[in-house]
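Presented sequentially are two complexes of chain A, the first with chain B as partner and the second with chain C.
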Partner chain A sequence: MVALLTIAALYFLLPVYWLVVASTKSSAGLFGSFGLWFSDSQWLHNLSQVFSYDDGVFWNWTWNSFLYAGIGGALATLLACAAGYALAVYRFRGREAVFKVVLAGVLLPSTALALPLYLLFSEVGLNNTYWAVLIPSMVSPFGVYLCRIYAEAAVPMEMLEAARVDGAGELRIFNTLVLRTMTPALVTVFLFQFVGIWNNYFLPLVMLSDDHKYPLTLGLTTWQSQADRHPELYQLTVGGAFLSILPLAAAMLVLQRFWRSGLTQGSVKG
Partner chain B sequence: MSSNDLARGGRRGTARPDRAAWGFLLPFVALFLFVFVLPLGYAVYESLLKPIRSGPLGLGPATIGFAGLDNYTLALQQSDFLGSFGRVLLFGIVQVPVMLLLATVLALVLDTLSQRWAGILRAAYFLPYGVPGVIASILWGFLYVPGVSPLVDLLGRIGLAPDFLGYHGVLWSIANIVIWEFTGYNMLVIVAQLKSIPQELYEAARIDGASSWQTAVRIKLPLARPALVLTGVFSIIGTLQLFAEPLVIKPLTSSVTSAYTPNLAAYNEAFANNNIYLAAAESVILALVASVLSFGFLSLVNRKERGAR
Partner chain C sequence: MNSSPPSRRSVLRWGAGAAGVSALSALTGCGQTVGAARTTRQESTRPGQKVNLVFWTWVPMQKTVDLWNKTHPDIHVEMQTIPASTGGGYQKMFSALTAGNPPDLAQVEYQELPAFMLVNGLTDLSSYGADELRDKYVPWQWNQGVFGGRVHTIPQASGPMGLFYRQDLLAKWGIETPATWAEFEKAARVVKARGNGARLSAFNPNSPAWFAAMCWQRGARWVHTEGDTWIVGMNDDRSREVAEYWQRLVRDDLVFVEPDLSSGWYRQLQTGQVVTWIGPQWGDALLRGNAPGTKGKWRVAPLPQWKAGQNASANWGGASTAVLQGSRHPREALQFAHWINSDPKAVDLNIAVGYGWPAATGVFEGSALDKPDPFFGGQRYNDVFTASDRAIDTSWKWSPTTDADFAHLGDAFGAAMAGEGTFASALADAQKRAVDDLLAKGLKARSQS
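Up next is the complex of A and B:
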């Protein structure tokens, strides 16, 4: 059992370890030395190269990734919370229909939508803008699904009633009471959406042509695909890949506790 | 149940429940229509069009005209587009069970460990989820290419010559990338489900003399079922979406063609061949197949469950 756990740990950590080692090497060392041990350490030089190459376009990509994932994730969470809450506490005509459509949205692969989105967005002139990536990122059917289940379990109807009797409007109840009660679900939805957007590739690939609007994923693959002609880009791709996984890897390690507590709420009730 | 009753009470309490509900729903529903329903509708519309040449020998200016189902017949006649579905199907049949089995075993084993070790290992297994698919593919790409890869290097020293990027091997090399990325995530979903099981159940089993193996198989596994269904659905959806991994691996080997997966085929049709109408038809077919498969899987699981009761 210990052997199994150790082998699994090696398997999951090996590529990351390789990346750390490789990011310290020169281009010659990358191809000429044993991959799992250090040879010519020039880490700082490599990393400063990553940041300065092409007028520091790597900074742009990093900023864009945070922008898309941060703003998109936050707005998606807010919209999903409002919608999930509405589906959970109000009885109104069309409620079941809306929920069915949301479920269909959960089951539809997002990359099956990327091309249709591109066709539509280029028709209305939204392609190659920040909006082209941000707008689709604000919609999370899975988030609505999670929020509905959570709100059903966690928002006490007595509390809403009491607030209504006190004369609070529906919007005010939502802003003050509901958002606070639903915080654990919101954290989960935000994390899901943030990671989803951060890791997304197909959508920015089809939408964006200006490399100053690229997120990290798209920027680094551009470097990788040009490395044939510009061999120094091999080292930059490796260094950039190392830098790009730092923020999320750190977040993963810290937030996996949080992640866990919210997840059971989302299990499909078979 | 009780919440339903209370909600109905809430209805009496509010003057205009419909208006409040739709007010909360509106932002989401409006955007949902704009980025889900409208693009699909537009893709269906585009898939029914094609450029129609005029003039002698069809050399005159092309106008866009109604094509009927021509694009669909064309897509379904293309052997590499059909082949791409066969490929992701084969991929899914192997990759999804292997990944879920690994995730389940790791989750069950971690559940028996002390808090501290379980925490450290869980974090290690979960780490790859924070690495974007394309970055993971770039990483593993370096680990597959002879000359850079320490793996090929090491295996070579003991007399093996693995061909990670060969015609038959490359599909499984891509499967390995996907397994690497998502096993930890799926494991965490299952762990979360196991944590929600009341501890008394384990106590009772122990008092009845059940071994930890028996507890795992007879009690934990059945109770982890909802989590397995969830991860199963998302894995099937993920398999059909396969795109970034083969696209990144493609420059490294001639074994990955431009129509390696359905998504890649549609992408190439749109951006390399500039045939957006055919690409639209291929996207619609992909969306249909994906929905049928995931709905099918869900209703199959539900029916089995009802049968079991």
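Up next is the complex of A and C:
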């Protein structure tokens, strides 16, 4: 079992390891030396180049990625939590129909929606604005699904009734009790959504044309596509790609603690 | 959406070239393509009013644009960097045309122009006086943007081809620079015998643009029009001859089979395993940047010929500055498009960022390209490309479905490498699919008989 897991871990870590090694090389070294070992170490030079190239546009992209993924992820989580909780707790006509429509949304690839969304946003003049990426990012059908399942298992009806008897309004119950009880699910939804937005390419590609509004994915692609003429951009693209995975790694490490406790809670309850 | 789209019939009646081919009525069926939602219209400006233009490109020409903005205070150009060509750039442009909010100006490659014509995506620049600029550009490049006798784009740069070769290694093995393809094949056999694992060159089975260039040099026409019908000739005798030639080199293990511009290929350039590259002028930066250790050992020769004494060349890559359909300032946009591609200072700045081979005539002399280069052992290597540019057959045309054609060709060559058929049968296969694609667009099309 350990051997199997070790192999699996190596398999997944190998590309990351390659990226670390490759980010230290010059463009010539990138192609001319053994891929899995260091050759011409110029890590600091590469990184400073990444940060300073084209008046430091990399900072811009990083900030944008954080903006899209951070705000988009947080709002998507909040909305998903509210919707999932409502679907789990309130009885109303068409509840199952609504839930099934949301479920169908899970099956629709976001890529297929990007073009229609673009036409809509152009109609109202929101294309090439931050909103064009943020607004579609605030919706997570999968999050709604997960939150409903979790709320059904983790939010006790007795607790809600007790709160109502004590005179708490529905909004107050949601803000104080439900959000706290559902934290593990929320962390999961946020993490999924954050990673999804961070890695999203097609939506920003279609929506944005001003390269100062680009997220990292799109920005690094413009570098890569210029590398034909400017070979040093190969090393910058690799360096930038390395830097761009650091926040994801950090988010995983920080948030996994909540995640784990959440899973066990769910198992006890469910 | 300020105006209704013009009727499909009027829009799509365009010809395939300036070389006397009359306007086509080829595109009058009920196609599935969506047209541009807004048509170009010149908006009047008050005296002293500043005009703003948006320019989409992936070539890093910001400094050139800055110079324009400094010297032309009335017309401000905002350059927006988008992903390159089929990597997302064209998709953006087509979406923007459909939505009716395209940029005024955009980078469009020659092979993509017919696809833009099909959706009425380009402004007819003849209406704004573009015909006067004709003499300022290399004829074949100018003609790439002429449809139905009307100018639809301003050419920017191209990639005339030549033979990059390692002079030191060829000399070591006693090989003369190959002047014909027969000599090239002989040289390949010598390198295989004496080269200690090296090969004369690499063949990329998935580089349709390169292979098209090879057929272009041979005198093939992959597409032309007769009346209202597209005739696809990817599988003509000449293209088949090219396919069979490379098939033989691959079969006899005389070339590496691998993508060029890839990491393995760069390594082989560095180590001298790959000795020549049949490449475009803009490839100089690739060799310099990715194989710096081979400095001084490279030279450039004209493309090998199919018959000794001939002088036929080919082109790989090339782009233009188009005024997209829907601009409100076509006159100013045309002024900018002409300036950025022909003003000597602008061209110098463009050359510095490696935009390719200038499409404007008379700007090469005295430019940064016009001098000996230590990487090529002090050779004035661009003289080779000047001659190459002049020897390119001007009648080559691209199809409105070039992207799909390239995909089919890549697939079919891949299958041939995997043992299903030959390169020649791949051409036949791709040709059939190309005809189907044109028919699916509602156009009249058939295979060349």
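Going forward, the second predicted complex is superposed on the first by the 239 of 270 C-alpha atoms of A that agree within 3 Å, B and C clash if a C-alpha of one lies under 4 Å from a C-alpha of the other, contacts with A are read in each partner's own complex, and residues count from 1 in each chain.
FYI, a contact is a pair of C-beta atoms (placed from the backbone, for glycine too) under 8 Å apart; a residue touches a chain by one contact, two chains touch by 3 or more.
Everything numeric here is computed off the predicted structure, so don't read it as measured data.
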Combined model on chain A where chain B meets chain C, clash or fit: clash
Contacts of A:A112 with chain B and chain C, given as first, second, both or neither: first
Touching partner for A:S225 - first (chain B), second (chain C), both, neither: both
Partner chain in contact with A:T62 - chain B first, chain C second, else both or neither: neither
First, second, both or neither for A:N127, with chain B first and chain C second: second
In the superposition, chain B vs chain C on chain A residues touched: B
Partner chain in contact with A:N199 - chain B first, chain C second, else both or neither: first
First, second, both or neither for A:F31, with chain B first and chain C second: both
Chain B region in steric overlap with chain C, selected from 59-67, 95-103, 185-193 or 203-211: 59-67
Those residues of chain A which chain B touches in one complex and chain C touches in the other: 30-31, 35, 115, 118-119, 123, 206, 221, 225, 228
Chain C contact footprint on chain A (complex, rising order): 27-28, 30-32, 35, 54, 115, 118-119, 122-123, 127, 205-206, 209-211, 218, 221-222, 225-226, 228-232, 234
For the chain A and chain B complex, residues of the former touching the latter: 1, 4-5, 8-9, 11-13, 15-16, 18-19, 22, 30-31, 34-36, 79-80, 82-83, 85-87, 89-93, 95, 98, 101-102, 104-105, 107-113, 115-120, 123, 135-136, 138-139, 141, 144, 152, 157-158, 160-161, 164-165, 170-171, 174, 195, 198-202, 206, 216-217, 220-221, 224-225, 228, 237-238, 241, 244-245, 248-249, 251-253, 256, 259-261, 263-264, 266-270
Touching residues on chain B, where the partner in the complex is chain A: 3, 6-11, 13-14, 17-18, 20-25, 27-29, 31-32, 34-36, 38-40, 42-43, 46, 102, 105-106, 109, 121-136, 138-140, 142-143, 147-151, 153, 180, 183-184, 188-189, 191-193, 195-196, 225-227, 229-230, 233, 237-238, 240-241, 243-244, 247-248, 251, 263, 266-267, 270-271, 276, 279-280, 283-284, 286-287, 290-291, 294-295, 298, 301-302, 305
Residues of chain C touching chain A in the complex: 54, 56, 58-60, 62, 80-85, 87-88, 91-92, 95-96, 98-101, 103, 261, 263-264, 266-267, 270-271, 282, 285-286, 288-293, 353-355
